[in-house]
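What follows is a group of structures, each given as structure tokens.
What follows is subunit A paired twice: with subunit B in the first complex and subunit C in the second.
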Partner chain A sequence: MDMTGEHRIAAPRAEVWAALNDPEVLRACIPGCQELEKTGDTTMEAKVVQKIGPVKATFTGAVELVNINAPESYTIQGEGKGGVAGFAKGAADVHLTEDGDETVLTYDVHATVGGKLAQLGSRLVSSTAKKLAAKFFDNFHQHLTDEAPPEA
Partner chain B sequence: MYPVKYHKPDTIDDAVAALAAGNEALVLAGGQTLLATMKQHLASPGDLVDIRGIKGMVGIRTESDTLIIGAATTHAEVAGSDVVRKHCPGLAALANGIGDRAVRNMGTIGGSLANNDPAACYPAAMLALGATIVTNTRQISADDYFQGMFTTALDEGEIITAVHVEKPAKAAYAKFAQAASLFALVGVFVADGPHGVRVTVTGAGEDGVFRHEGLEAALSSSWSAEALDGVEVSEEGLNSDMHGSADYRAHLIKVMAKRAVAAA
Partner chain C sequence: MSSGIGKSVKRKEDKRFTTGKGRYTDDHRMDNQAYAAFVRSPHAHARVKSIDAAAARAMEGVIDVLDGHQLTGDGIGNIICGWAITSKDGSPMNMGAWSALATEKVRYVGDAVAVVIAETQSQARIAAEAVEVDYEELPVVAHVADAMKDGAVQIHDNAPGNQIYDWELGDEAATDAGLKAAAHVTTLDITNNRLSPNPMEPRAAIATYDDAEEHYTLYTTSQNPHVARLVLSAFYNVAPEHKLRVIAPDVGGGFGAKIYIYPEEITCLWASMKTNRSVKWTSDRSEAFLTDAHGRDHVTHAQMGFDKDGKITGFKVDTIANLGAYMSLFSSSVPTYLYAPLMSGQYDIQNIHCNVRAIYTNTAPVDAYRGAGRPEATYLVERMMESAAREMDMDPAELRRRNFIHEFPHQTPVLMQYDAGDFPKILELAQEAADVAGFPARRAEAEKRGKLRGLGYSTFIEACGLAPSKAAGSLGAGVGLWESAEVRVNPVGTIEILTGSHSHGQGHETTFAQIVADRFDIPVETVQIVHGDTDKVQFGMGTYGSRSAPVGMSAVVKAMDKVEAKVRKIAAHTLEASEDDIVIEGGQVKVAGTDKAMAWHEVGLAAYVAHNLPDGMEPGLKETAFFDPVNFSFPSGAFICEVEVDPDTGQTKIIKFTSADDFGTIINPMIVEGQVHGGVTQGIGQALLEQVIYDEDGQLLTGSYMDYTMPRAADVPFFDVQHHETPSPNNPLGVKGCGEAGAIGAPPAVINAITDAIGTNDLAMPATPQAVWRALRAASKPIAAE
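The block that comes next holds the complex of A and B.
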């Protein structure tokens, strides 16, 4: 599954970059994230609980930042195991462009979902991913600006 | 297997108490989604609260021009009800087309609405008819109730008890079923009722049921299938998956809308 998007954030690029590298901010913004611990300079362990309709699955996994080109871009990649539910893995290329006092964030995600979730929930995977991404950026925008994001 | 505690309360108060006291407790309304999910171990509630034994939860009646359907009324009961057929034949026909016979004999209207599957049939009818969702604590208009796929206005522990549907002048549903699941690949409900002319779409939108303004405007000026010919249905925001691309779904929305108008 592939997904791209663009968000304008009313904050300077250095601030956005710092937030994108702060495990506390990521934990607060990732929908359903219960734990996110730094295990190295560029590696983290995460636990995320997702409830989509009747399904409730807990994913644990490792997240790594690669291709770091501060303060412009990085790739965040990870793999989560959801027990009987299956697994999800993916990578997102994130790019920040300065625009005056604001920052334009673009992302390009490639992700795979496997196991029962993929077999039984194939019709829901793409719209769920879009919804979670939107929720993350809403939270992220709100965290940086204390304001609700502008209507897309 | 894993242990599950089964509760069958007689009153709504007991049901609310059992939900609050349970371990990740869930309401069992018909189980046609929940039990299948549990069998796959994709949900593992510690407690199930079966609401079908609560007095008043099952049954169909009218109060003047309002149809009242108990939340635990099965699809088969709605489909076969003379009261529903008289009040809103389109709703009876919709219920008769949900899933297969086994699903219709067990699945309930309240269960379908609480789950709000993005391809379920009932949400399209409730939104188009401007129905009221009645819970143990309040009444919620369908306009406020549906909040995106699998998301509703229901609070934690809130239980749907009934739905109220005012009699429409015309109403019908047309569904293009996904062949294996029998869910709507695209389903369109058209209604001309106390809440105006409405056209709702299920199965197609990325975020569940929605109203289509263009089709509503065309039908408002002239209630006929031909009136929909010139309406542009955008593929923006529509699902694209192995069963159908977004532009295919956009095409089907118009085809189903025309069939529904012809049937209404």
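The block that comes next holds the complex of A and C.
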């Protein structure tokens, strides 16, 4: 599953970058995220509850930030194990461009699912991922600007 | 009589099936029963680094969590393939190790690594989720093209290049010469799609260990309980045969998928000993999609040469067969001896060469599915014939006629000796019933409505009645393929037939009773069929390959011969007549031409009270027989399919499906017709709808009925089923077997009809609306809509 997107955030790039590296912010913004803890400078442990089609599962896994080029870009990659539901893993290249007082965030995601998730939900993965991404950026935007994002 | 051979006797078993009184494996419940849930790999190929079951063990209701190291440590043997195939270079096939619970590596999504035994099914399943397995992922080869690439990851250490064998049948040089001499050569690349078997009842097992007797009992969804016991004893070391009883009670459909011994039955047996509990497992539909052995999955390049008169000069076939991640019980034989010997079809072909490479991939094991090898051969031969006719601008029926075999027995260049048949006759029968003569007018009428009509043929032969034991043995089979029967006449004259055949939808309780009722002229209600229990039936090879009538019933007939001989002796002695004058009819055993008679039950009673038997005769009236066929049986058929394609949507509608079958003697026309309906429907499913799809990571994308399309009533037409009987000379009833014909013959008839409609030979199964629409656009057939 591949997905790309672009979001304009009404906040300076340095602020956006800091937020993207703040486990508290990420935990609050990732839909279904129950736990997210830093385990090293660039590594985190996460627990996320997700429902894809008929499969609902708790994913636990490690998240790592690589290719860090502050404050412009990084790749966030991880793998979540959902027990009998299977697994999801992927990476997102995130890039921030300054535009005056605002920041344009672009991302490029490649993700795969396995086990029951693929068996029952494969054709729902893309639409679910898009929905989750939209939700994340809504949350993220709201967190940084303290206001709901402008209507797309 | 109203219930003998040739009568459409209503199925005796249907009262219990239609009133919910069937007793399937899952309906059985043992005292002290616990439940198994399997921990399965979500990865198609990975190293198992560790399994942490501590959390699962601590959960409510959990009795134990067991893994593959414990299983192999207890001496449980690897799962084997029972048919040894030798590569053309003389080397044995490369059978990779398959442990019921994986130890070092998992090789397909669904491979079991551990089992949780708990008090309830939901406790077992919840605890299975808590078993932490640490996998190290390995590269995946999910399709044969990837598995055969240079440098592809190797699934089994002993199978370089992921190749299981490279096998051939026939004379390659002669075939090349035949092709070279041809006036026309037709070449096709053909894929036979991968199918999921989908029996209505999922697989299930209940294993019980009796520690006082050191004895096991296994209830399971098996087509062949004796073979299951044999393999569980001899190869998996579960228990010696006399300490293991296997019961296959009512079984709701098999289609081949329930022939094999799977990891789950083995694990339940072993776990029942480890936990000293009855252990029950019932597959859910998701597990069935993942782990029931799939069918077909061939890629083939083929050339067929013809002389200027349309006579076939040579047929050369190169097939790659995907056998999945492990070799299932019959898997090796399906693309070899159940496939290549059918390449002659109904045709007199002197030169045939077939090469088959079997390949491992990171997918579920592939084995026999309704037809097993013969559908693959038939699809190939019949698409070649139809395509060749079009290329040579000949009528496809006429091209077939020119090549039909007319004299029997007929020895093909690929092992088979056909025993009997009348191919022109059944084609004629089908053409008349299908009103082929009226087709051009129907096509013209459809064109006026903007629709494309097509007509397709399939004239096919099967090899059924598996199989002469000596021949099978010489070709690598690990077992003999005879059948056994016992006929027990009770003191009150009722009869029990114990058969090694197994009914899982075929109606044996009716048809087997009919042949007894016919023979002794007694009511069919007085005959009971006993099957599916190794403690009751002496031995049996089970039901698959349309073998129950030609082999199983033949054993019953042999046993009845012995019973009849004794009945004659008893009656002759009692009635003071000559044995030669005794006739059995109307419920009586009589002296011909006199009024001296005994009622049938009086003979039974006389045998058991033994007050007045001929000197030296043993009391009792029960006889056993084994029947080993001298040859396969060769059912043949001519199918004609007429379709209408909507060029705007690619939607195919089957307008009419005509079958003309030669099954030899027919015991019960209603049941035979039902078998044809079911088989053709499965064939139409393969042709139009069904396909198992794995993505490049080996993830199963068609894991539920949301994504795997089974044929429904609206997808199939009413069937016109015709019969022509040329009895098989190789068994006493002259029967040939009918269970697989529809699934074997239907796919090419459907695809030939669609390709006729859309004007291109380039169409693969399943011919979904999208596939048809694309093929039509690629062929740019002008549409003459008004």
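The working rule: the second predicted complex is superposed on the first by the 149 of 152 C-alpha atoms of A that agree within 3 Å, B and C clash if a C-alpha of one lies under 4 Å from a C-alpha of the other, contacts with A are read in each partner's own complex, and residues count from 1 in each chain.
Basically, a contact is a pair of C-beta atoms (placed from the backbone, for glycine too) under 8 Å apart; a residue touches a chain by one contact, two chains touch by 3 or more.
Please read these numbers as outputs of a predicted model, since none were measured by experiment.
Looking at the superposition, the partner that touches the larger set of subunit A residues, subunit B or subunit C, turns out to be B. Contact with subunit B, but none with subunit C, is seen for A:55 once the two complexes are overlaid on the shared chain.
When the two complexes are overlaid on their common chain A, residue A:136 makes contact with neither subunit B nor subunit C. With both structures placed on the common chain, the touch criterion links A:123 to subunit B and to subunit C. Once the two complexes are laid over each other on the shared chain, residue contacts for A:115 go to subunit C alone; subunit B is not touched. By the touch criterion stated above, A:87 is placed in contact with subunit C alone, subunit B being left untouched. In the superposed model, A:107 makes contact with neither subunit B nor subunit C.
Put simply, subunit A uses residues 84, 116-117, 120, 122-123 to touch subunit B in one complex and subunit C in the other. Subunit B makes touch with subunit A in their complex at residues 24, 33-34, 37, 40-44, 115-119, 148-150, 178, 181, 183, 206-207, 239-243. Residues 83-84, 86-87, 112-120, 122-123 of subunit A are the ones that touch subunit C when the two sit in their complex. On the subunit A side of its complex with subunit B, the touching residues are 52-57, 84-85, 116-117, 120, 122-124, 126-128, 130-131.
Taken in their complex, subunit C has these residues touching subunit A: 39-44, 109, 125, 128-130, 286, 289-290, 695, 697, 699-701, 703-704, 706-707.
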